[in-house]
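Listed after this line are the structures, all set down as structure tokens.
In the two assemblies presented below, chain A is common to both, partnered first by chain B and then by chain C.
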Partner chain A sequence: MSRIREVAYYAGLWLIALIFFAPIAWIVMSSFKTRTDILAVPPKFLFSPTLENYEALFSRSEIFVQIGNSILLSLGAVIIAVVVSFLAAFCFSRFRPKGTDFLMFLLLSIRMLPGPAVILPVFLMYVGFGWKDSHLWLMLFYAMFSIPFSVWILKGFLDGVSTRFDETGRVNGGSWAHIIFKVVMPQVRPGLIAAFIFNLIFVWNEYLFNFIIGGVNTQNIPYALMVGTYADGGVAWTFIATMTSLYLVVPVVFIYLFQKYLLVGMTFGTVRGEV
Partner chain B sequence: MAEIIIEHVTKTFGAFTAVDDIDMTFEDGEVACLLGPSGCGKTTLMRMLSGLETPTKGRVIFGGRDVTRLPPRKRNVGMVFQYPVMYPTLSVFENLELPMRYDRSVARDERRRRVDEILDVLDIRHLSKAFIEELDAGTRQKVAVGRAVVRQSEIVLFDEPTTNVEVNAKLQLIRAFKTVTSRLKQTIVYVTHDQTEAMTLADRIALMRSGRIVQYDRPQVLYGEPTTEFGGWFLGNPGMNFVPATVSGGTISAPILARPLPAPGDLRGDRIAVGIRPELVRMAGIAGPDSVPAKLVDQAIGIAGRYLTKAAIGDTVVKVNTKGRPPAKLGETVHLSVPRERLMLFADGDRVPARFS
Partner chain C sequence: MTTDISVTSVDESRPAKRRRSRPRLFENRTVLVLALLAPVLTFFIVFNTIPTLWLLGLSFYNYSLTSGMPPDFVGFRNFFAILASKNAIWFDLSRTFTFVLCGVTIQTLLGGMLGFLFWGSKKMPGRRIALTMLFAPMVLTPVATGTFFRFIYDPTFGVLNYIARAGFGAGPIDFLGDPDLAFWSVLAVDCWMWTPFMTLMTLAALGSVPTAELEAAEIDRVPMWRRLPLVIWHHGKFILMLGILLRTIDSFKTLDLIIPMTKGGPGQNTRLVALELNKQAFESFNMGWSSAYAVLLLLISIAMTSVFIFVLNLRRRRESGS
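Moving on to the complex of A and B:
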């Protein structure tokens, strides 16, 4: 009886997993199909794969810039965010400046409204200061958006590191820099990874602000997908399929490697699990 | 020379005063214990010496150098905490050596020599290659002690280092402290709430209460001649008896006294008490000269063949620490007498200097 139940559970789980996986499988499969095969009804599961779509994709010169931009912007923004957030979280956790709780709340407030709600002031500011279409300023904008979450996650982790470590280090002759980077930082590595991966996904997927405050030089993959969707008087299915397949690689790899840290990120570090 | 001068130091946390205008000196090369109940400010005082806290008022001077505003690493102190914190991925030897590696003034050979010496002093040479994770709490604490003294800073601070160590290891650890402190001529301040530890280790003990130093003296003096009721009560196991007394016509009478005592001329105070240590009260089965009858109300077996008992004289309960079994059963009558020359007189909690015969 229990054996049957077990099999039923697994069958159910596999079914659900496959349903969720289906769109991804479809898009990746489509990237190897011709346009006719993609639109065939009923869908073709057996087809002769072709690399034509990829060749077509890579013959567009701007595609390399766009992929490069995506990597540069997300890595740059996330690294800046994690460094700044770690130091800020250390300060909040250890020195507890006046109004720490309120500041922490205030920090999060930027994430309480959807991005589009702040787009107009941000746009006007970027135009006013001439920051539009600049890698640095776009990176800093993404960093700003990533910092609040990271501070919350990292503060949770830092609060979990006893001040005994700081104090022992300090009386034994360690400078603050030594304490922060050599004594405390290694102990919050899971938090750093969680902040890193969580923000990387956010910036990697970001379209709206890239479209509004970015420009020709800073176009990323979501922008390319959006703009390239319609071509030749119809939906450019082959382009969408190939671009998306490439686009998926980075998050899939990172999430596969660091999946246990994702939960930590989503719960502000309050649920540690196995991490 | 590194005597520690604490000059009118006060530390407040909001409305709470943890250390209240303490003014004292720890002599160079001396082992001083800060002893007191939890929350009396001893740890706060210690943290101000190490630099982990800054005094609200007053100055801290190490060997003529004002260190009040200096960060811990500029004070040249070693410190051992309640919980030993070490690098788990480094061996004992490396852990001992590490702080000196960041101090450019110590050459490599000198570092090795010092670590070697400490390994011998603490008797942990066989563990020099072991990793911290393999050691029990007591041994880790030993290593922490080694790390605190190996830099040869002039001052070493101990913050209740035996609290989290089990009893057997605790004795070993105290022995190790003793060896270390006698071998090295460092000025040592040791915080504890354990009187036995303080009595064993200290050259002088500073008894603290509510952020103030109650008495600062050699252990024997602190035990034998407390200046306050608190001191008499806190030291000793059990603490001193304080029997309420009444003064009239130049004499003091108390339930424990068969004959009244002559009152000193300058005796003032609303609450007069006669103090006597429980081990000095004599308990007998039959009445003797100067004895008073009492009822045995409680008894428990103490250490070294002693019994901790309580006897009631009317409403007054007196703790008595007897040699051997008490001479009567619970509820029966015993006879108590006290050596008059060992009686102490307290007025409103403070000792009144007076000798009786």
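Moving on to the complex of A and C:
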């Protein structure tokens, strides 16, 4: 390839990436505009940036609760899910108890069902037991919902670790706990990271379950976005732009930092490799 | 003594003590299997099995949370009502399948093309940032995406209308309010979100082609259009198929992207199955009817999951065979 063709090729690829990023860039730009600038016709591409939207956002006391809820729910649920899933995935991978395939299938099918169909009976159960709007129970439900994904990813990685390691450990008199946590676990670290990151993004993004079985106490950022759309007799565009810009920092930074896990994370661990 | 050190590599005073105190219970295979599975099974039974059985049971009852009446057993009448009604599931399903079919086709073609373009970009300057920008749409919450696309689509101050007016001289277009346009506008956003996913899958599929075979084709001067079916498709098809299947299943579930944009309207033009179920269950609180509807969706999901697993096993069998 000649030099000029190479430059044109890379410039073209950059252009494609920029086109896909443009709507996001537009919303982030809007968060630095005043309300009149946002609603200006024709839209303003050049404007004097202001931080007043962020000041207004942080002057609302509930915003800290919402961000706190988002962090608490996603971290809590994902930590529980990854630990529990690792044990189950080890069991599926090493001992293959009867019904492994069926259980793996059932686990996956939860994630294949439309959200309202999953949450409908859970909603009735939560109302019946008075578990609605509680951090703990919402977190446990999120953990349950993150388990299928984690089990699938981790089983894929564990299948790749030779059973020789277990055998060596056993022969040398190591306990199962030692083999599981000290011998095998360090070898599937990429799987643990992928499961952790992608479940975290999932719970961080989740709206419906939080809305249906959570409530005012447990509201996270997507919930706040949805509920806060209308304010003062109109659409609160400044709030939406600011809140969205603030929220999307986490997923975007994550896919920058953990790009090599993106593929495994987006495909339930069924496709491995890097892009 | 030496064996213990090689495994645990801790100070010498402890191994002897440790050996005696190690719980013998977990040495039994059955106990160990059960202990490892117990947490997952507990979660699964409490939050999934029991609710699903509850759902199955409720689908045979006429039960509304708003009327305050106790559930009333009606047998299969909910299912008959859903399947026989002209305006219920058939309409939603046809909308949903149009959405899935158009969406997945566009995303696969466009994503595939982009995948081929990005194939040779290993040495691109700033590749990581460019890829982050390209893949960003798919990791954002659909709620936020839907909301800010309403902003971009807005007929008066939306930037897209400005471009349409300045570039093509078109009058104000109400992308989300026009009954003919709303469905396609929503679909366009879905394509924006998920085309990068198909690009990712295409890149993975291309990456699974052994370099040795590509080099062989290069040396044999096999032309590009012959290389595609002979070498690339042969190795890449499974990953691409998994991508298409995952996308089909995911797109069938679309819900929170559409709620902030159109709420299923105007009229019923963007009413997909998940939206209808959401509305009936959590706005009208028709629990019996919704349960029956959810059971029907469950059957469809199980069918789709089976196809996914089938393709996955095909790939496994081929990999272990070759």
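Here is the rule we use: the second predicted complex is superposed on the first by the 262 of 275 C-alpha atoms of A that agree within 3 Å, B and C clash if a C-alpha of one lies under 4 Å from a C-alpha of the other, contacts with A are read in each partner's own complex, and residues count from 1 in each chain.
Quick note on the criterion: contacts are C-beta pairs under 8 Å (C-beta built on N, C-alpha and C of every residue); 3 or more make two chains touch, one makes a residue touch a chain.
Keep in mind that this is a model prediction, so the values were computed, not measured.
Q: I'd like to know which partner A:Leu87 touches here: chain B for first, chain C for second, both or neither.
A: Once the two structures are laid over each other on A, A:Leu87 reaches chain C alone.
Q: Going by the contact rule set out at the top, does A:Asn217 touch chain B (first), chain C (second), both, or neither?
A: Once the two structures are laid over each other on A, A:Asn217 reaches no partner at all.
Q: Have a look and say if chain B or chain C is in touch with more residues of chain A.
A: Per-residue touch count on chain A favours C.
Q: A:Arg164 contacts which: chain B (first), chain C (second), both, neither?
A: In the superposition, A:Arg164 touches chain B alone.
Q: Check the residue A:Ala17 against both partner chains and state whether it touches chain B (first), chain C (second), both, or neither.
A: A:Ala17: touches chain C, not chain B.
Q: Is A:Ala143 in contact with chain B, with chain C, with both, or with neither (first, second, both, neither)?
A: Touch partner of A:Ala143: chain C, not chain B.
Q: In the overlay, answer first, second, both or neither for which of chain B and chain C A:Asn172 touches.
A: A:Asn172: touches chain B and chain C.
Q: Is there a shared patch on chain A that both chain B and chain C touch, and which residues make it up?
A: 169, 172-175, 178.
Q: For a test of understanding, state which residues of chain A touch chain B in their complex under the given definition.
A: Result: residues 162, 164-165, 167-175, 178 of chain A touch chain B.
Q: If you look only at chain C, which of its residues touch chain A in the complex?
A: 3-4, 6-8, 19, 22-23, 26-27, 29, 32-33, 36-37, 39-40, 43-44, 46-48, 50-52, 54-55, 58, 114, 117-118, 120-121, 124-126, 128-144, 147-152, 156-159, 162, 166, 192, 195-197, 200-201, 203-204, 207-208, 239, 242-243, 246, 249, 252-253, 255-256, 259-260, 273-274, 277-278, 281-282, 287, 290-291, 293-294, 297-298, 301-302, 304-306, 308-309, 312
Q: Using the touch definition up top, name the residues of chain B that touch chain A in the complex.
A: So the residues of chain B in touch with chain A come to 50-52, 71-73, 77-79, 81, 83, 85, 99, 102-103, 147-148, 151, 157.
Q: Give the list of chain A residues in touch with chain C in this complex.
A: It comes out as residues 9-10, 12-14, 16-18, 20-21, 23-24, 26-27, 30, 38-43, 84-85, 87-88, 90-91, 95, 97, 105-110, 112-117, 120-125, 140-141, 143-144, 147, 151, 169, 172-178, 201, 204-208, 212, 221-222, 225-226, 229, 235, 237, 240-241, 244, 247-248, 251-252, 254-256, 259, 262-263, 266-268, 270-271, 273-275.
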